Amino acid sequence: MSLLFEHMAALQVAVPLLSAPVCSLLRGGRQPWFLALAVSWFAFFASISLLIQVLDSGDISYHMGNWAPPFGIEYRVDAINAFVLLIISGISAVALPYARLSVAHEVDPRRHGQFYTAYLLCLTGLLGGTITGDAFNIFVFLEISSLSAYVLVAAGARQDRRALTAAYNYLVLGTVGATFFVIGIGLLYMVTGTLNITDLAERLPPLVDNRAVQAGFAFIIVGMGLKLAMFPMHTWLPNAYTYAPSTVTVFLASTATKVSVYVVLRFLFTVFGPSYGFVGLTFEYIFLPLAILAMFIGSAAAIYQTNLKRLFAYSSVAQLGYMVLGIALGNVAGLTATVLHLFNHALMKGALFMALGCVALRIGAVSINGVRGLGREMPWTFAAIAGAGLSLIGVPSTVGFISKWYLILGALENGWWPVAVLIVASSLLAVIYVWKIIEAAYFGAAPEGRGPVSEAPLEMLAPLWLMVVANFYFGIDADLTTSVAGKVAATFLGGGS
Amino acid sequence: MGAEMITIVNIVLLTMLCFSAVAIMLLRHLFAVAALTGAFSLLSAGLLVALDAVDVAFTEAAVGGGISTVLMLGTLALTQRREHRPPRFSLPALLVVIATGGALIYATSDMPAYGDPNAPALQHVVPVYIEGSRNDIGVPNIVTSILASYRGYDTLGEVAVIFTAGIGVMFLLGRRREDEDDEGMVRHGPGNDPESSEPEETAS
Amino acid sequence: MVHIVGLGASLFGFWLLMSGHFGPLLISLGGASVLLVLYIAHRMDLYDRETFPMHLKGWIFGYWGWLAKEVFKANIDVAKIVLAPSLPISPRVVRVKATQKTDLGMVIFANSITLTPGTVAVDIEGDEIIVHALSQELADGVLNGDMDGRVTALEER
Amino acid sequence: MKHHLILRVVSKLLIPFILLFALYVQFHGDYGPGGGFQAGVLFASAFILYALIFGVDNAREVLPSKALRFLVPVGLIIYALTGFAGIVMGGKFLDYDVLAQDPQHGQHLGILVIEFGVGTTVAAVMVTIFYAYAGRTRDVDDEDW
Amino acid sequence: MFIGATAALLVAMALTLIRAFAGPTLFDRVLAVNSFGTKTVLLIGALGFLTDRPEFLDIALLYALVNFIGTIAVLKFFRYRNLGLSSAESADREEID
Amino acid sequence: MEMILDIASGAFLAAGSFLVLVGTIGMLRLPDFFTRLHAAGITDTLGAELLLIGMMLQAGFSLVTVKLILISLFIFFTSPTATHAVANAARTMGLKPALVSDEDIEATSVRRGSAK
Amino acid sequence: MSTEMALALTLLIPSLGGIAIAWAGRYPNLREAVTLITASVLFAVVISLLQQVADGGAPTLMLIEVLPGLPLMLKVEPLGMLFGCVASGLWIVNSLYSFGYMRGTNETNQTRFYICFAIAIASSMGIAFAGNMFTLFIFYEILTISTYPLVAHKQNAEARSGARLYLGLLIGTSIGFQLVAIIWTWVAAGTLDFTIGGILRDKIDPTMLPILLALYMFGIGKAALMPFHRWLPAAMVAPTPVSALLHAVAVVKAGVFTVLKVVIYIFGIELLSETGASGWLIWVASFTLLAASLVAISKDNLKARLAYSTISQLSYIILGAALASSLGVLGGALHIATHALGKITLFMCAGAIYVATHKTEISDMQGLGRVMPFTFAAFCIGALSIIGLPPFAGSWSKWYLALAAADTGMVLVIAVLMISSLLNVAYLMPVVARGFFRPAPAPQPVGAAVAPGARFGLAEAPLLCVIPPCLTALGCLVLFFYADEVVDLLRPIVG
Amino acid sequence: MLDAILAHYNYWLIIILMMIGLYIVISRGNLVKKIVGLNIFQTSVFLLYITLAKVTGGTAPILTGKPEIFSNPLPHVLILTAIVVGIATTALGFALVVRIRESYGSIEEDDILAAERAEEEIAVKEALS
């Protein structure tokens, strides 16, 4: 057992990685799903134990192949990536019980083995990209997750052919982003000679004025910006989330962009450090306006959507704007907000997309028109949408509120008045699009020709409600999440070089 | 003398690469593009040899000249052989590209010079790899020892990537001629699909 | 069976030539590799006279010598044409009767035609090879039957 | 129907040597350029050549999809299990030092095994992808063709 | 000596590339690319000697192979659009066996 | 001996380079696809082999020579095959050779495909 | 029963009641019994706390610490006690009335109605007993959201758009301004606990105080300060019990209650009067007061008129707060109670008229007083109380306000109060006058089929619609005599 | 001398190549061409890495027993991985193109967008009706 804990960092990724090929060997039926479920739960368990370990006894460094860093690849777990790992594996652990029926409904039964294999690969990639302490290794694992994500998105083609073009666009932009990231890493390597993040952080300070470093910074940020759908580079996201199968949307929306945000944070704060002049300038002159534009344009676009999945996809663009804004604020509160929102947004979008998956299971397409009057026929599902929607708006006692609280705190700390006002103004846009749905579901008349609709099965409702309850629980008792996030933020700003 | 020749070779090859890239951009016959892509890969592989990256050249030739050309041909065979729209100028694209190129050119001014034996990249980790490959691992090919041992974990990821691609292509293109797969894949979305009336299985 | 052993032996020779390392590990890996290749070749149904032309024995080298001479001559001829400012070409498409009995012989003949610049075997129809020639003289070099005869002779020995 | 004659004969001659060349590259990655990945691609290209000349159906008879479906994951599993072997034998993940009596042998063994895994998966994936493309029939004949 | 050969090969490659670009038919391009490949093989050989590391001829060998397969692939795909059309060819094959 | 080898290999290399260049020029100068085939043939056959022989002479008896021989053999087999394949494809797809009299063309009936 | 327990029960009882109502939804009688019992029990619990507060105690219940320094906390103080009593007490009356009204008009979705009502009351209790601004804000938002289904109850296009405006304005202002203000306060003061004398002294630049105050005042959309008053008339599409809830029991009262809380416990009266930061508010409130009254006169729809009346009346309370004197605050606080009683009477009467005759326009009500004498009498009393004539409760609050204005030397404010009282007369009395003194049009209004007392020539609404307004009208009278007790209770808040 | 001038010349050419590749990705409407552009773009990045690894007078990083200067092997390793990622992406991209063609009957972005817009309009109309 001690062996297990000693190698937990490696097992966190290696077990899902091994399980993926095993999954592809399985023959149909429930087996692939069951394997994915077991692995997800193991990963969840591993991430919890890692987080506890980190909080108890400081950073964990695991040397792959027993080669000391910076020569070999190092797994470096500190509070932030333990936290992100927890988000990823937690969402996966909740999403999989939900997945079985939804996937059975939306994906060709003969491809379930491949589907869950791709899912496990995606999980592996996200976990691996998060946990690693090596810049290039991030690229490799993010590409595993991206490639499998393209496949997973394209799996929606059975429902709607637009999944294919969505996946294609995602692929092109994702690859361009990854390549930019690689260029950035190359430039950094060129002048420092190392790929290990800790080592990079040590070797960069004398090179502040080096133009290659600055360009490398820009490339890394733009590359990851593409992957995280930072505002003008978000074009792949809405369609990809809209046409992917429900489970995939749940998983990707809650985790994939989060990991990219994490990578950005890691580079901004651990590797470069906000004390660099150009980093600060980026915050103020690039991140800030882009984040605000994202918040407003994303929300505004969401208001005009008729497809609910796309509506929430656009809302994700806006929410990512909040995370970027938190970074742009550049102080502890802002950063806490970003880290918190990684978690909180995963909770609310996970719940919302799960609920939409339940609706899709019953009525097929999820348009604003289609859900009219469904509130009475699927009370639990729509109550969940309402609950998670409130969280999205940022109503107090939900997680969304906590994030916004810290964001505004951060803005005020900087004395950025208008920003604080804009933050609240943008959450008002969220009221509009969330309420559009509530109103249609509860106060609209059912469209003609729709027969009676039954409530989603318990197997899907239970995970959904777990997420909704979490939305409220962590909104009322935010102590755990905020203390971790606050600790992370403080480390970044204080301890980070 | 040899070294300078290599430099010249580099530049000539690079120029040819640029030329063939432009040709690829301009040509509308996609099979011709495929053929040129093959040439492009061979050229870049040649350049890689000139730059001492033999392993990479090996891979690039096998992958770029071989597999990806074949894949592209396969795609063309299943789609179309001509680009319908004539090449058109795109200002936003140009601006993005210029910004990217500008950033890189900006960066070049502080980069170590080409071939600089004192470049920082050579000083830090690499000597350990060379010695380690000689003594600890005992593998003459340093690239292999880094690839398989020092950074073996990256390579594990790399295999996973390839595996993902395999799973993905199987997922997307499936096997329609397989005996066990006697039913056609469901792949069309609703809507006005012009080919939906075509039989899924085309006997050969 | 002869073919299998012959192919195996030549494959193993190929391995040794390529390898240059003769440690027990690599030799045994080589052996295993050869066996694997033989197995695949068996599955591919490659064991026949085409794959391993043992019956051609050493005579082929004599033919190659002659062919080298022809190729050399033809090269000079074509080079002259290419470099001449007036570009004196008069392309011809001719049919050449091939007298070989086996596919392999036919292939050797056709490839020999292609190898000599100035003539290219464009197609094989029945026992006729359709040849594109750069000029009448070059076409005549094929049409005179010299090469055909030599290849056929190679086959019969 | 003999216009493939030349191609067929020459390919038959070449394919065994290409396959062996691939295996040579696989096992000589330590000494010269090459390794599992390159070998896998080469190995696959031999099959692709075979499929090009003799048709995909014949290629499928030689290397059935079922076998491929098995081989694709197996390479990765071999690699990953090598990693776990490191843990089980008292080292870290992917630690080859502990695989044999002394570190250098361990490293050799480890590299050999993982390269084999890489080669297997890569070759299988490449052939799979090729089958997937080539096995699909075109669905439209338009004026483009 | 090798420098001269290298230079000549480079010039030849550049000219071949022009043909590959100019076409006009696909076959011209394929021919040019094939010829280009051969020259690349030679160039690699020459470069190996130029840098005193001639043991990299494995790469040249690989190139020759890839070049061949690539050419065949272009022609096959262009002629048949896919490779599922093997029934005729299997008949072909049985005829020989 | 060294000297002689050097000179010999130099000569081979020079001749090979020359032929490669000539072939390339031919590919540019000649008027149509079928005639260009012949020019390409120069490069692929004698040009390539001469260059390879030049290299072999430099390398002496070693692994390198063995590999060079293998390469030359490989080119020897594949190059005419590839040329033939291209020519054959062009013909079957209906590409007509330029400057060839009509009766010749008729004698070689087109088998497959329509005019491109 | 410990006080903590009682405090927790004030939240739990209505919540559990809501659940019980949902469970009993299929049996209307049981459902309504549950509602009534819940309301009564709640009132009893609230009253049980009263004595302790009157003795100067401050029962406190710490729920949970959401963020460091930001707990969810309940704490009873006199002002909250008053609001708690008003809300829980009027819930009983309003419930009774609802039974009659909802049955009388055959509304659909009645279970949802009662559930949401219970939740709204629960959140009102939360607002009343909130120990800090953060807790208050949470319940404030819950109140908004739980009343949304009530406003949209009819589910037709009009109801939906009205509800949309209701929700939009309330959520919009609360998140857009109030939340900012709260966070600002927290950043500046490091706490949000309600403290007598305020928490902002020396914590914030005095020049910024008016801005912060503005953020609060406009952020508390429920107080319907112009220009954020539109939601109130829009919400008139709701059934009358809902309007009563909005105007008298919970929503607007929660708004002005919050205003008072902010002024008293966040800013502190002294700080405001020293810095004059609330000077602008006096004029905004006065403007709202007069403008709303004028609009009210122009409305023919009775409920719309009452709605604008509410807007105007709320500004009295805001005015009281803005005057930043202890008398003003007392007056304002007292007005919460008096106006609640008065306005609920008026609304219930309007509803009773609608149930009985389906009439909504004042011009149609000629002569109705003769067939519905109880209703119109109650209406008359309510109106008089609102106008501020003795011996009705409303007179006291206006009295205190006028005193405060005189105290602070705001002569103009006194004038405003006078004018507004005249305007009150102008828009309220015509209803009474029309009902009693104008002859009915020729065809007698057809009363509801079950109208009790029909044989006496009366056409009153069902009993359950008539008794409650009579009760509250009585309350207006009673409160006039017990106003001193209320003021005594409130005294501690002004130190 | 020559080297001094050429200190960064290689880089510049690679950058130009990169720009061409990126331009193809963004500006071409043909889905196959886009992927080809992506390949060119990636290849140029590979070249960038390999160029930075080159050491003048160095040789390929394979130990020969003689003391020698080696080019930097680490970028080679990284690029090997990157090439694999590239081919994986290409394969997937092409597979998607094939499926898109089967579904839409075209691989031109304009046609596909037009088809999608038409579908979208129908959906919106339904929503409004």
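Order of writing sets the labels: A, B, C, D, E, F, G and H. Residues in every chain begin at 1.
Operating definition for what follows: contacts are C-beta pairs under 8 Å (C-beta built on N, C-alpha and C of every residue); 3 or more make two chains touch, one makes a residue touch a chain.
No experiment lies behind these values; they were computed from the predicted model shown.
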Steps in the shortest chain-to-chain touch route ending at chain E and beginning at chain A: 2
Dominant chain pairing [most C-beta pairs in contact]: B-H
Intercentroid distance (Cα basis), chain C paired with chain B, Å: 34
Whole-Å gap separating chain C and chain E, where each centre is the average of the chain's CA atoms: 18
Centre-to-centre distance between chain H and chain F (centres being mean Cα positions), rounded to whole Å: 32
Euclidean distance of C-alpha centroids - chain E vs chain G, Å: 88
Set of chain C residues in contact with two or more other chains: 14, 18, 48, 103, 110-111, 121, 123
Interface hub residues of chain E, defined as touching at least two other chains: 30, 51-52, 55-56, 58-59, 61-62, 65-69, 72-73, 78, 81-82, 84-87, 96
Junction residues of chain D - those touching two or more other chains: 2-3, 6-8, 10, 13-14, 21, 25, 31-34, 37-38, 42, 45, 48, 54, 57-58, 72-73, 76, 80, 83, 93-94, 96, 129, 132-140, 145
List of chain E residues in touch with chain D within their complex: 55-56, 58-59, 61-62, 65-66, 68-69, 72-73, 76, 81-93, 95-96
Touching residues (chain side chain F, partner chain E) in the complex: 6, 9-10, 13-14, 16-18, 20-21, 23-25, 27-28, 33, 36-37, 40, 43-44, 48, 51-52, 54-55, 58-59, 63-64, 67-68, 70-71, 74-75, 78-79, 81-83, 85-87, 89-90, 92-93, 95, 112-113, 116
Complex contacts: residues of chain B adjacent to chain A: 100, 103-104, 106-112, 119-126, 128-129, 132, 149-154, 156-158, 160-161, 163-165, 167-168, 170-172, 174, 181, 185-191, 193
Complex interface listing, chain H residues touching chain A: 22, 25, 31, 34-35, 38, 41-42, 45, 48-49, 52, 74-75, 78, 81-82, 85, 88-89, 92-93, 96-97, 99-100, 103-104, 112, 116, 119, 123-124, 126-127
Sites on chain D touched by chain A in the complex: 69-70, 72-74, 76-77, 80-81, 83-84, 86-87, 91-97
